[in-house]
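Okay, so chain A shows up in both of these, paired with chain B first and chain C after.
Our next item is the complex of A and B:
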């Protein structure tokens, strides 16, 4: 069998396993959150509020330079939180700003954003003109998206997901919702592993998931099987909750303890935001 | 004679759309007893534990707990439910079911918090049970990162934090390494010495001698085919063989091929 044909036939299996590996790595890995870095040492509540302040600043400022300085601060925090820079940049810069660039592309041209021409060229008999306001607007948009996404990714990388969910309680999200989402998150890993194991078992019996049609059948069967097991397990988990006294209104542990360092960080973050706002206003 | 905790009378139960799981079970359990329910797979052992924990209710017959009939309606009342569940704790066979919180610490705290225990006291209990089960180092871990043995110990800790009078164990040693099995048996024996009632569903005959004074054997007819002291039941080889609890076993021993029944270790000669 040729290599190309083999790859084609393996497509479904590779897609499934890659998706599961990505899910485990992207959403379930807490390796960065467990490192002993600056952001990891902060109380999640204070950290979330400060990052919210940064986000509001990033989306409100109208100067790409000022937003860029916020991005610089974000990279500084990446360094002090002991997160590998290339790992962070791969997660943020490679994909999301690329998509924003696609969105913003039409606004570069005079037909959408009129103004002083910077560069013109002919394409399909049409004279396309890129304008200065168009370039400025696109630059502002891309920098804003890159900074916002970076801030959100940094927050989620340096905070354990369970803590991040608990912070939602600060904003009045009901305890039941927090518990339900936490449980979904907790069982995601279990089901991802289960699906992986099914594929391994299948491979051990039939060698590989062969034909396209056959592969589709296996994926469909897998979905049905996982659905069945999920339903069964949800009933059993509910029983386990009842067994330990759950009566419909869950009580959860509040483990947060603020220190002077947290207050100092929040103060610094607010001063930085206020400074940027002031600078943006006077520009 | 100590007080009766559970009285099971002619209990029958069927899971929806499935064959009957229990077909007329009678049993009396007294405070401070060590009881084992043994039987092959699918004989209704886990179903019985779920009935005793008030998670499912018999279609026929009745279960009485602490002198009161265990009814679904009575457990709808939060006060009554808490009163019962503080006293009875179930360690599920599958620890992944029992550990539904995002961290070990929260899983241990879940039970006491539902019963309104103050957070300071909950934190003290977390430390206590972590010491008893040697799981200090696991407290801030997420359950899915633990090994099966660690999960089992955390599952027991989550029930121990409630400090119930009755412990129900569903296959507590299944699939565990010998050292973890030893820790769990020690825990069960010590809990019983402190006056706790221990009810265990298992088909691991090697541990019966230590964890039970009384043994009930469940047969394929989903009924108790024999009940008695652990010694008398374990010595009844015909009973154990007819109920799929022992089998003919062939292996090499001292350089010779050796054929005998697969029996609890203490009876291996």
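Our next item is the complex of A and C:
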């Protein structure tokens, strides 16, 4: 069984899955961003500033309880923005926070973090002691990471990606860089589809590659071929830009319109952050 | 190697963000000089290429697979300054749109993966390849060595950044506020994984791709595009 599973996930399948995962993530994000929810109705500029304020607050606070309250607010916003909770929790908790929990596990024990013992047990003849500073530190670390990841994913899920990239202009990022980022994002779809096509073709013609050296050569050849296609494409894109009047000075269209609701939201967000900072200081 | 939000203190993130500003500024000046108005499509597509390299899974002995970061390969193909911008663009997209690598840690991630990795790798490549012919085997070996050194030095930087956190940011009773392990744990655990496994995947991909590109158009490696 395990052998069969192992064979199913060779490098061809994994590469196809990587490309498909990117396309699936991007499509699902756009679908969520187009829903009629609370966060989707806000101006991307105000939403980004408020989320950055939340993020800086989450990273700066030293109390797991206060950061946890920010996580509670994040889940509330998920609900009002009509994002499927299961999808959100799977996407935010399964990878980075779970990985962080594994990293931080040894710090629970007195060998790494000495202090007041809260629980002890015997394992393989060793007396393992879990300490209070160890639990507090691990909790703070994991809650902070889960909250930070959730905030970033929520911002990305409720804002159309093209708009989110345009917001970079707000922070003084040069127009040329924003244009490069926006163009790069568009080409990612094309390249991800290209990678998926390459490996689908390989799967249908070759099936499975049993020798890893042969597989390595195939991958390298395909990366080299992708590079050749990208350089060719950059020339064609440049010519297309010239034919449409590009002079080397990019101009981005801005379609953002702020309403009273956006200002009110930003004010609330800043008050929440200030309140949490104040509470963090007095604790 | 992508550092998520919450692993580094805000002050550390600020320092690395500030350190990257002159590097980005120098990179954009250099690239503007060499690429002129062609830079936008060239860099955008170069950035997309560096993003896409990670989608190619490489079979490794033992039946497992891994993927390369491709930072040194991009530096050899585009030149280190253009690679710095292309990798920054890829990292910004990963952090902002896919939650891969933190937004507050973007300065640190760019320092490790868009500055240290391509520059170290590229100059090791230049040092070893020297004035060898464009189609020579020496260039393939140089590319592999550059990739290995580049990724290991970048991992060392990430390890030092993690390891400094408990020394600099802790409570009165010594409890770490951010990444919990000191230099004695963080540095070896970051570096060993790259020295033993990830570095070799990087060597394999970079060297083989350079070898294939040499076969197709060896002239390309005469001086690169930096």
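Note that the second predicted complex is superposed on the first by the 230 of 283 C-alpha atoms of A that agree within 3 Å, B and C clash if a C-alpha of one lies under 4 Å from a C-alpha of the other, contacts with A are read in each partner's own complex, and residues count from 1 in each chain.
Methods note: a contact is a pair of C-beta atoms (placed from the backbone, for glycine too) under 8 Å apart; a residue touches a chain by one contact, two chains touch by 3 or more.
Given the structure is predicted, the values throughout are model-derived calculations rather than measurements.
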item	value
Chain A as common anchor, with chain B and chain C clashing or fitting	fit
Which superposed partner A:162 touches (first chain B, second chain C, both, neither)	first
Which superposed partner A:69 touches (first chain B, second chain C, both, neither)	neither
Which of chain B and chain C A:41 touches, first, second, both or neither	neither
Chain touching more of chain A, residue-wise (chain B, chain C)	C
Contacts of A:237 with chain B and chain C, given as first, second, both or neither	both
Chain A-centred angle between chain C and chain B, computed on Cα centres after superposition, in steps of 10 °	80
Partner chain(s) touched by A:228 [first = chain B, second = chain C, both, neither]	second
Which of chain B and chain C A:104 touches, first, second, both or neither	second
Contacts of A:175 with chain B and chain C, given as first, second, both or neither	neither
Contacts of A:245 with chain B and chain C, given as first, second, both or neither	first
Minimal inter-chain CA distance - chain C and chain B, angstrom	9
Residues of chain A that lie at the interface with chain B and also at the interface with chain C	161, 165, 182-183, 185, 187, 190, 233, 237, 241, 246-247, 250
Complex contacts: residues of chain C adjacent to chain A	4-7, 9-10, 13, 28, 36-49, 51-61, 63, 65, 67, 70, 73, 77, 85, 89-90, 92-93, 95-99, 102-104, 171, 173-181, 204-205, 208-209, 211-213, 216
Chain A to chain B touching residues, read off their complex	28, 30, 160-162, 165, 182-183, 185-187, 189-190, 193, 233, 236-237, 239-247, 250-255
Touching residues on chain A, where the partner in the complex is chain C	6, 9-11, 14-15, 18-19, 22, 25-26, 29, 52, 55-56, 58-60, 62, 91-92, 96, 100, 103-104, 107, 112-113, 115, 133, 136-138, 140-141, 144-145, 147-149, 152-153, 156, 161, 164-165, 168, 174, 176-177, 179-185, 187-188, 190-192, 194-195, 209, 212, 215-217, 219-228, 230-231, 233-234, 237-238, 241, 246-248, 250
In the complex with chain A, residue positions of chain B that touch it	50, 53, 55, 78, 81-82, 85-86, 89-90, 92, 94, 96-98, 100-103, 105-106, 109-111, 113-116, 119, 122, 142-144, 158-159, 162
